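Here subunit A shows up in two complexes: once beside subunit B, once beside subunit C.
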Partner chain A sequence: MNKKTFAAFVGPSVAMMLLFIALPLATVFMQSFHVTIPVTDTVEIETCTPGFAGQTCVTKIETRPVFDAAGNPTTTTKFVGFGSYQKVLRLGDAAAALAKSSWHDLMLIDFWKALRFTVTFTLITLPLVLGVGLAIALAVNNATKAMKGPIIFVSLLPFIITPVIGALSIRWLFIGDGILTAGLEWYLERDLSLFAQAWTLEILMLFYRVWHVAPFAFVVFYAGLQTVNQDTIESAIIDGASRFERLRFVIIPHIMPLVVFVSLIHLMDSYRVFEEIVGFSSQAHVISLQWLTYDLLSPDDSGNRSISRASASAMLTMLGIVLILAPLLRRTWQDFTKGRI
Partner chain B sequence: MSDALFKQPLRLRLASAGFLSLWCLIAAFPIVWIAVLSFKEPIDSFAQNPLNVIMGPTTLSNGKGLSLIDVVFGIATLFGAYRFATNILSPRVKAYSPQGYLAFGWIVGAATFALGFVFIFTIILPAITGFLNNILGPLGTPIIGHTLQHYYAVWVDNAFYENFINSLIVTAGVTTISLTVGTLAGYGLARAGTMLAFWILIIALVFRALPHSVLVAGYLPFFINSREILEPLFGTSAPTLYGQPWAVIAVLVAINQPFTIWMLRSFFQNIPAELDEAARVDGCTHFQAFRWVIMPVMWPGVITTGLFSFLLAYNDFLVTSLLLDAQNQTMVPAITGYFNRETTTTDQVEAVAAAVSITAPLFLLVMIFQRQIVSGLTAGAVKG
Partner chain C sequence: MRTILKTALFAGAMSLLSGGASAACDFNNTSTVKSLSAGFEAWKAVTSAMAECGNVEAELDQEFRKKQPDAFAASPSLYHVGGVANSTAVPLIDAGTIRPLDDLVAKHGGQLKPNQLVRIDGKIMAIAMMVNAQHLMYRNDILSDLGIAEPQTYEQVLAAAEKIKAAGVVDYPLGGTFKSGWNLAEEFVNMYMGYDGEFFNSDLSPSINNANGVAALEMMKALSAYMDPEYLVSDSTYVQQQFQQGKIAMANLWASRAAAMDNADESQVVGKVTMSAAPTVAGGSTPASTLWWDGIVIASNISDADAENAFKVAMEGIDTEMVKANNDAAVWLVDGYEPTATAAGAFATASNGAKPYPASKQMSLMHTALGNGIAAFLTGEKGAAQALADIEADYTTAAKEAGVL
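Moving on, here comes the complex of A and B:
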């Protein structure tokens, strides 16, 4: 395939990615160093009212927006360096909190709070998703043939469901006196309000995410289990390997590439955790990095969007993704130079 | 011999079956439960006793209910639809699709199935059971509360169909464009094997990992001010991109592109390169070989990738909620309007009904395309 044909085939796709991914990234990078604010000027206004002994005059200095010919407020964009980053990170407050070694103070800063949740969320769900997925795959592999189709059908439902709706469906089971909260209250004989504090909300979110992603891990692992060499297993049995040893030393090494694959996809996706916050309306207690950017982008009460701070927070979020991907990219590069792709 | 060797003790088989039943229960319960809620009067929907939620005494006393006949017929029809979708639909579609147009065959087949499903459940089934209920006496008296009032409120009073149409436009646009652009690129990348192709794939992988809010932060200022920015280029007809469905389609296609080209590339790599070489020897250009030799064997891969593009567009919340205004809102962001205002229990049940309405098409999708979804999930994994 010569260069011209290659360009014709790949061109449209690359153009779209450049225009809608690379270009926005560049503008976000630029925006994060600039702020756009309305131009204001200060005017001295003297108001006089008639009084007994002549006029009483009050002079006020007022700041007011400047309007252009069309009557729109004029804005100006200026370079602020790392100012917006500083507003997001609030390093001063963070350092003060660290100096006092006060975890509570640090968690008052939105960015650090979001980072803490995003990282713990990613790290806790990963082993759970892998474990549950593998367990379902092994169990389905054991099931009778007629049951496999319906079981896969039911398992795919949590995976396919719209994430916001999935989170909502769990929320409705627990919110207020939802059916499962009522059940728990009856069992524990005490009042529960699962949506009033951070840790119960986080448990619900973890549960939702495992429920949502485990089917994906299951389907991938199940496909891997179909290709396990039966002769190897047979010889392992003859050599006296127990069930657990067979799992540990034959099956898991065989599906190891798939475990790596699922882990990577899961790391990328759970680092972007966002829909849970919307579905559980948890923004008062728990927020994630992507939600932080979303919130800064949404218009506030006076209709302003803090584009500059959102860009700074977006760039910081991206930094995390690059850190997560770095080892993978290095390995792919090594594979490529060895000619294995 | 090997059967005896692999024989499992009863205890292990029981544990495995028990675990599976538990998983199926956990997997289906939240979805089934919100579906049950949505058919009840608010008092029943949020009753403390689960039995009241299922049986719906208040709904029943208001004269709205299902008889034993209704329930039996309903479950039988649902089961029949599942069997039809999994066993009969696929060979039929393959048999009736014209040569080389399998994807269109699937679209027609799936749409017919969905329409038929709705038609049977809303018109034929009530007619039959209504007739049977009248003549069967005790078997025909309502026993389970059941009302469609919330669906009526959501779809008719609150005009949810407008959001549905917007969702339809956005998903159809995203799926068609990303497949068209993606198949070309996937084929080019699968057959090139050059350094440049490798770098495109790696950069696409990095793009795949980007949080969508990062990108939206880049679009938003431009989209809002696009009229002024584009005026020198287009004159007074310069559009404001904010709130335009087609602008959102372009954005979602681009976001979807990295995933699409990786997946399609792995499908193309499974097609032997000898096939296009043979076509080239016979005098085809690259494009002709691609169109007339490769595409006809590629349809399964295209259908699978199309499903995932569909899901991405249909399920998206972040991009559509930030880039579309209230008039053009798709279904998923529109639902936040319901649960944010949930002041009364009626509002809450309406939100549940809206959520079930969004889930129903996905439910049918899994029914029809279960095999393709599974193959899509594993295709990415096998090739990495």
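Moving on, here comes the complex of A and C:
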């Protein structure tokens, strides 16, 4: 392909990426270093609100925005450097907690509490997703031809469901005296409240995520299994390799690039864990980094929102993803330069 | 109001209503009137009544509060009429995107009662149509069986809960809208008002970390001991269902939920739930509850003629005729409303002197900080004083960014 054709093919996609990925990212990056504050006056205002007998009037001190000549509220934007990052990270408090080597104190700071959950969630679901995905792929691969279609269809269902809807379905199965909680209570002959403490909620979230994402790993691995050289398998059988040895020494090395690929995608996705928090309304017990950003960004009843801190939190999440992907990316790069891919 | 606001993700329950003029409207509306409001029963009734005038496009959206500030700031405004509550009116008033209604009320608002006129700094900024408040609901059969008098104070609520627990007649003696976030913060606001607490100093710095704040938190913790252990995910709908399914005996629940107790289609306790005033606490005289209103505002960024027309249509929406047709949909302020037993709790709470929710920019910031910070005390991660100190710190950070401090 000559350079001109290449440019013509790649051009639109590069332009789109600049417009929809690079530009917003740069904006968020800029916003995380600036705070926009409305200019306000403090005034004493009487507010009369309805009651049944008559009105209740209260005089209290309120802030009122200052309007410019065109009648728009004025704001000032100032550069705060890493101020918003500091407000999110609260390094001073974190250092004090570490100095006391108090895990409990560290976990009282939102960011570190969210980081703890996000990282454990990501690292625990990864092997489970890979394992369950591979197990389903092997099972389907060994199933009789007539059964393959229906099994593949059923295995893919959890992946097709919109994440939030999936999380809500699991929530309704378990919350209060939901049907599965009631079933467990009957089986264990004791009262259960799965939404009342952090660890049960976390187990439900892990379960949900593995249930939801394993089909993706399954599809990728199943495709990989179709390309395993049957001659190699047969010679391994002749050499007396057991089923496990064939898996360990033939199949897994063959699909290793796919394992890396699924791991990369899964790490990226699960570090942004969010649907589970909203779906299970777990914010009293468990929060994630992405939820923290969302919470800072959501306007309250009076329209206040912390865009600068939300931007800082988003940049920190991105930094986290880069760090967690680094080992795998490094490995892929090494394989690439050595010509293995 | 927030009472029937479900998960944010179920947002967008939108419906467009429009229809030809009919006899129910006094005039034939010829220019388009658009409205954006919450989507609960009362707003459905009001916007349907407005639609009878013709050329009305009503958008009912539970996420209205996120859309309204920007939609009303556009020029011309994307909507003529807005449906707001105490707190959601604040950003519109602050931004100057809703107009004073004094002239229009003088011209077309003869039927309005004086207490419907929401005045801010002397100017009429909104027309209220209904009120809402959290108040005590209890199972009259259970309390009379156990010989418990109607609780007037939270101390009596706790004593009654202990007796009900001992008798083992329901799963949990109490229900509570303790869902972490807005609901939990509202419960604290109610309780703290019962202790006559002040949220701010005169310079708008926070003032909740005091004996009243600690006492309010301790009372909430004492109440939570009698609730379903999953109380931190329990919102208004959850508590309503606990009542309807006979799982709880008492709760401090929104007046707008009262009618559901006697809805035979979904309730197993028809006629067994009595509505009474919100309890007082610690020997105080103010009910531990806050009064909320819902009402109508008119955009600034539209022509005076459009505003007048929109106001006339809105008045048709909240007229006596509408209230007579939808008497039980809300606790109406409109002339012609016949209070029934379901409204008794809201009436008693208001007449016992419950204060209005102190809606303001700083209060919304405080509400958010409370909603995020109280759970850590209830789960035992923090002590009361530390939780309050952290909430004050969160408020201070947010208030500085919002230009309040």
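As a convention for this text, the second predicted complex is superposed on the first by the 278 of 341 C-alpha atoms of A that agree within 3 Å, B and C clash if a C-alpha of one lies under 4 Å from a C-alpha of the other, contacts with A are read in each partner's own complex, and residues count from 1 in each chain.
Note that in this section a contact is a pair of C-beta atoms (placed from the backbone, for glycine too) under 8 Å apart; a residue touches a chain by one contact, two chains touch by 3 or more.
Please read these numbers as outputs of a predicted model, since none were measured by experiment.
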| item | value |
| --- | --- |
| Broader residue contact with subunit A after superposition on the shared chain, subunit B or subunit C | B |
| Partner chain in contact with A:I45 - subunit B first, subunit C second, else both or neither | second |
| Contacts of A:V278 with subunit B and subunit C, given as first, second, both or neither | both |
| Touching partner for A:D239 - first (subunit B), second (subunit C), both, neither | neither |
| Subunit B versus subunit C as contact partner of A:E189, first or second or both or neither | neither |
| Touching partner for A:F67 - first (subunit B), second (subunit C), both, neither | second |
| Partner chain in contact with A:V154 - subunit B first, subunit C second, else both or neither | first |
| Subunit B versus subunit C as contact partner of A:V164, first or second or both or neither | both |
| Which of subunit B and subunit C A:V58 touches, first, second, both or neither | second |
| Shared contact residues on subunit A - subunit B and subunit C | 164, 168, 176, 278, 281, 298 |
| List of subunit B residues in touch with subunit A within their complex | 2, 5-6, 8, 12-13, 16-17, 19-20, 23-24, 26-31, 33-34, 37, 46, 48, 50, 53, 82, 86, 181-182, 184-185, 187-189, 191-192, 194, 196-198, 200, 202-222, 250-251, 253-255, 257-258, 261, 286-287, 290, 311, 314-315, 317-318, 322, 332, 335-336, 339-340, 348, 351-352, 355, 358-359, 362-363, 365-367, 370, 373-374, 377-378, 380-382, 384 |
| Interfacial residue positions of subunit C with respect to subunit A in the complex | 7-9, 65-66, 69, 86-88, 90-91, 94-96, 114-122, 128, 131, 179-181, 184, 200, 202, 204, 228-233, 238, 291, 293, 333, 347, 350-351, 355-356, 358-365, 367-368, 372, 375-376, 378-379, 381-382, 390, 397-398, 400-404 |
| Footprint of subunit B on subunit A - complex, ascending | 1, 5-6, 8-10, 12-14, 16-17, 19-21, 23-28, 31, 36, 135-136, 138-140, 142-143, 149-158, 160-166, 168-170, 172-173, 176-179, 182-183, 211, 215-216, 219-220, 223-224, 230, 233-234, 237-238, 243, 257-258, 261-262, 268, 271-272, 274-275, 278, 281, 289-290, 293-294, 297-298, 305, 307, 310-311, 314-315, 317-318, 321-322, 324-325, 329, 332-333, 336, 341 |
| Interface residues, subunit A side, partner subunit C - complex | 35, 37-40, 42, 45-58, 60-65, 67, 71, 73, 87, 104, 107-108, 110, 164, 168, 175-176, 193-197, 278, 280-285, 295, 298-304, 306, 308-309 |
